[in-house]
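Can you keep this structure in mind? I'll have questions shortly.
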Amino acid sequence: MLYVAGVDVGSTQAKAVVLDDEGRMVGEAILDVEMNMGTAAQQVFEKVVANANLTPDEIAFTVATGYGRYRVTFGDLQVTEISCHARGATAEFPRTRTVLDIGGQDTKAIRIGEAGEVVDFAMNDKCAAGTGRFLGAASFALELPLSELGPLALKATAPVKITTTCTVFAESEIIGHLAKGHRPEDVLAGMHYSIATRCASLVRRVGLTPEITFTGGVSRNAAMVSLLHKVLDTPLNVSAQGHFMGAIGAALYALDHARAGTRHAAALAEEVAP
Amino acid sequence: MAQAHVANPAPTVDARTAGQRLVNQWLAHVHTAHERGQPVAYIFVMGNAVEILRSFGFELVFPEINSLQTGVRKMAPDFLAKAEDYGFSPDVCSYVKADVGLMLSDMQHPSGTRIPKPDIAIASSLCNVYIKWAEIWERHFGTPAFVLDIPGKRFATWRPLPGTAQYDADTRWVEGQLRDLIAQCERITGTKFDPDRLAEVESNVNEMIRLWVEILQLNQRRPAPYNSMLDGLTYIGVLNAWRGTPEGVEYMRLLRDEVAGKLARGEGRVAEERFRLIFSGTPCYVNMRRLVELFESHGGVFAASDYLTYAAGGLDSSGLFYDPSRPLESLAEVTTLASQLGLSNHFFSHQTLAQQVKEYGADGIVYHGIKSCRTVATSMADNREYVTSRYGLPTLYIESDLIDPRYWSDAQIKNRVDAFFEVLEQRALVKGGD
Amino acid sequence: MALEIETSLTEILARCHELSLRQRIPDDEAGMAIGYFPVYFPEEIVHAAGLRPHALYGGGNHIEVRYADARIGSFVCSICRSTTELGLNGSLKGLGGFFAQPICDAAKHMAGIWGRNFPQQDPQILALPQNVNSPASARYVYDEYQRLRGILAEKVGHEITDEAIRASVRVYNENRRLQRALYAIKRDDPARLSTVEAYLLIRAGTRLRREEHNELLRAALRLLPERRVRQMDKPRVIFLGGFCEQPPLEMIETIEDVCFIVDDDLLIGQRWITEDVPEEGDPVWALAESYIERSAASPVQYDARKRKEDVLMRMLHEAHAEATIISAAKFCEPGLDDQLAQSRWLDQQDIPYLVLEFEEKMTSFEQMAMQVETFAESLLFE
């Protein structure tokens, strides 16, 4: 049995998965990045290997992704999150032609071709409004954990229009709306809508082609899923593992390389054997 | 390429060294121009009637080059801050702000040159910011601006046809303004216009056109001997400053021979050329090496760039040579055609880019959007969308600025570039039927 | 009687407001409206062809931008973005033509965007010159106007005669006289006609046939002298910055709460020609020559004879204004550059001014109101 690992290192979180040679997930781990990305990568790798009841030597191939991918000294290859999210999404939803990944720091829209290859991509990596960070501001202003924002937003009856385009000013705008008597769920719905429209714009930039798969940490937010469906007027695939999609895609690339390696080894063995 | 002849003796100096010497010489001339009684012209790379100015003996100053140099020398932030403190909005073109910073620094340029005041300033309509920039000089130096209006393409498939009424109308207009310019130059220098001198300058430019077109075309072959977005930048610096001079011609011959030699020996710019790319936009002068390195590390070379048309004053684009027997009329024609066939392309460049992809055997296009340059960046995303969907070409969009380092995010740009090469590799695999 | 007059004026203004907000080309006009981007366009030639010139002033603060963000860079003025949106969302599918002028680099790109996305509308640049100081300038404009005439003639399938153009010139001369009359009231008796009202009256013309617009303006001008007016004591100011992207009406109202705007450059393209265009002789030549010799000023038209400082001084003087509000649309390079030159100069002249930045899509004005009120107070207490 062959095992591979995918490590996704961002500036705030590090995630890792281990797959067996049938592509089944046998371990997953997630950590907050406290010291630096290199250390977090090492720690999350050790954690996921332990979760899979394995030792590091048993991992045949490791692919690193995320902004910190070049800090992963123990990895065998670096692949961008763009390719990894595309790979992970198509593995789970084979008819995926567009991927929307809303992360904590950036948002990507990826268009995928017939052979499952990345054809085009667009990124919002300059402005936090339109990423999970915008919701982070809401979490702070409303003093609610991120996981509660979606369910609360779904209860809105009169969404408030959020005018600020800046995450920094978002907090004060939220507080202002609450002070005027608007209900938190309505303000939250407005925040979600703001993000949804920005992301929809990004998707249109690469060309909206069904099926769309929604990945990344924010894909666990039911209100966002519902709003994106409305704004894009298209249903979205959502994985239970959306949060780990980058690491999963990385691990799938690792599997390709590991398999090629064993084929090569087998071919070599054949040549060498009498 | 070469017809059979006796091999030339090895040149005593390579093009890089020759070019460096010429640039230093030029800056030294600029520094002492007024001392020596030479009048000074401030001009822009697009649309500047250099030929007329040379015939009157003006020393040429390119404020765009002054500004880009502040970026190259990593000193832009000081100049930009001075301009913003003075009151310029952060959204104003960073070249303009760097120049304002220079004005506020008593014209002491980081190159060590003290840039003299302009005796004449020529702003063409090829970039409207040129005109606003010239208005700043009007106020700071008291030098009146000469606005040279050069009609451009009216739509993407516009083709100027000699012999038609439209061609006549446009070239007549440009010629009329060139005559006005000549009168202005006569007033400023106190000398009469010398059409023979103009013809002489134009003959030099003719040779430079020939050589530049050749140099650009040499890169259509494999492996590309130079990177248009790094080597190319040094080439145009020299050819702009020495346009119309025998020294400029000499430099370009040397350069052409060197590039041709590299091609003949199979010496590509990149050791292992994996992908050939077209670049659309301007360099990021504060990170020009890094930008190219991000691509070259993947075996990607910029075989061509529209920048080498714009920033070389459209030297390759008129499709015409000057006619020394009609120096002024042909100057008007060449200037107009260069504008309509090359220099007003920013707004309509999708077809040219697709054409270049074919000519250069390119695998994709990289668009570089610039924060403060609306001439380059306004509709780049639309252009890209068109090219991607209509021609099915892989394209990449990255953003930064000409010289403002605050807009360069290395990790994010690297991420996009890496992903782009993953796309190209995949495509190559798929095409290779793996 | 006063109530009747006010009611009639209110009706006229309500109609103007509705017209100003109109973005879609009505179906019965499909193919007959010729769109043009700011600032100035020789509408007479379009009018003479039997077509309706349709000035494009952006989507204002009522439009939701859904598609245009994917096509236009982030550091570009809102009017380019919203106009592109109007194209992409189908509002302008009824246009029979589209023209952009080389007022700035972003505007030139509008022709490129339109060409790639709506080629059936035959988009073009009308290459008006940035050099109007040459003896050859008028001839060049004449040639470019003749080119326009040819394009329009082909569209309508018949020649556009000199006589037809002369007739259009007469209609437009009347229109400009009526506009000047409005501005005279605004200047001499600002309590009688607010800038928002004058603005709506003028902007309505971009959605009507000029003959109808003339009727509307005449009606308003008949009613205005009879209007009951409450005298107010507010500082008299010049407003600059409305030559292309338009400030929201609420912004103008915010300023008018505390100041009289006695002259401005709002919708200046509609009032670009400042005197009658000659009604005799070659009408295209008359129009071309008027562009050179009888025209207003803006940050996007270079003219050595109209130094921005002198133009501003003259405006202040002729309108008996004591201060200037220099506004600029966000990311508008020419506007921002001029803002600085003018404010420096006003500093030297010791003339008070306020610098503002706006976007056509603004919806909240509290901050701006505070700035403007503070400014007005400082003027009153001088």
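So that you can tell them apart, the chains are marked A, B and C in the order they are listed, and the count of residues begins at 1 in each.
One rule holds in what follows: a contact is a pair of C-beta atoms (placed from the backbone, for glycine too) under 8 Å apart; a residue touches a chain by one contact, two chains touch by 3 or more.
On a predicted model such as this, the values are computed, not experimentally measured, just so you know.
Closest chain to the protein centre (all Cα atoms averaged), using per-chain Cα means: B.
Compared with subunit B, the chain whose C-alpha mean position is the greatest distance off is A. The geometric centre of subunit B is 36 Å away from that of subunit C, both derived from CA atoms.
In terms of their C-alpha centroids, the spacing between subunit A and subunit B amounts to 42 Å. Rounded to whole angstrom units, the spacing between the C-alpha centres of subunit A and subunit C is 48. Under the contact definition stated at the top, the residues of subunit C that touch 2 or more other chains are 70. Within subunit A, the positions touching two or more other chains are listed as 122, 205. Multi-chain contact residues of subunit B, defined as those touching 2 or more other chains: 381, 385. For subunit A in complex with subunit C, the residues that touch the partner chain are 122, 163, 197, 200-202, 204-205. On the subunit C side of its complex with subunit B, the touching residues are 70-73, 75-76, 80, 84, 102-106, 108-113, 115-117, 122-127, 129-131, 133-136, 139-140, 143-144, 147, 299-300, 302, 304, 308, 328, 330-331, 333-334, 336-341, 343-344, 357. On subunit B, the positions that touch subunit A within their shared complex are 381, 385, 388-389, 394-395, 397, 399, 409, 411-412, 415-416, 418-419, 422-423, 426-427, 430. Residue ranges on subunit A touching subunit B, taken from their complex, read 67, 78-83, 106, 113, 115, 117-123, 125-126, 205, 207. Taken together, the subunit B residues at the contact with subunit C in this complex read 86-89, 91-93, 96, 125, 127-129, 131-132, 135-136, 139, 144-145, 147-149, 151-156, 166, 169, 172-173, 176-177, 180, 344, 346-348, 350, 369, 371-372, 374-375, 377-383, 385-386.
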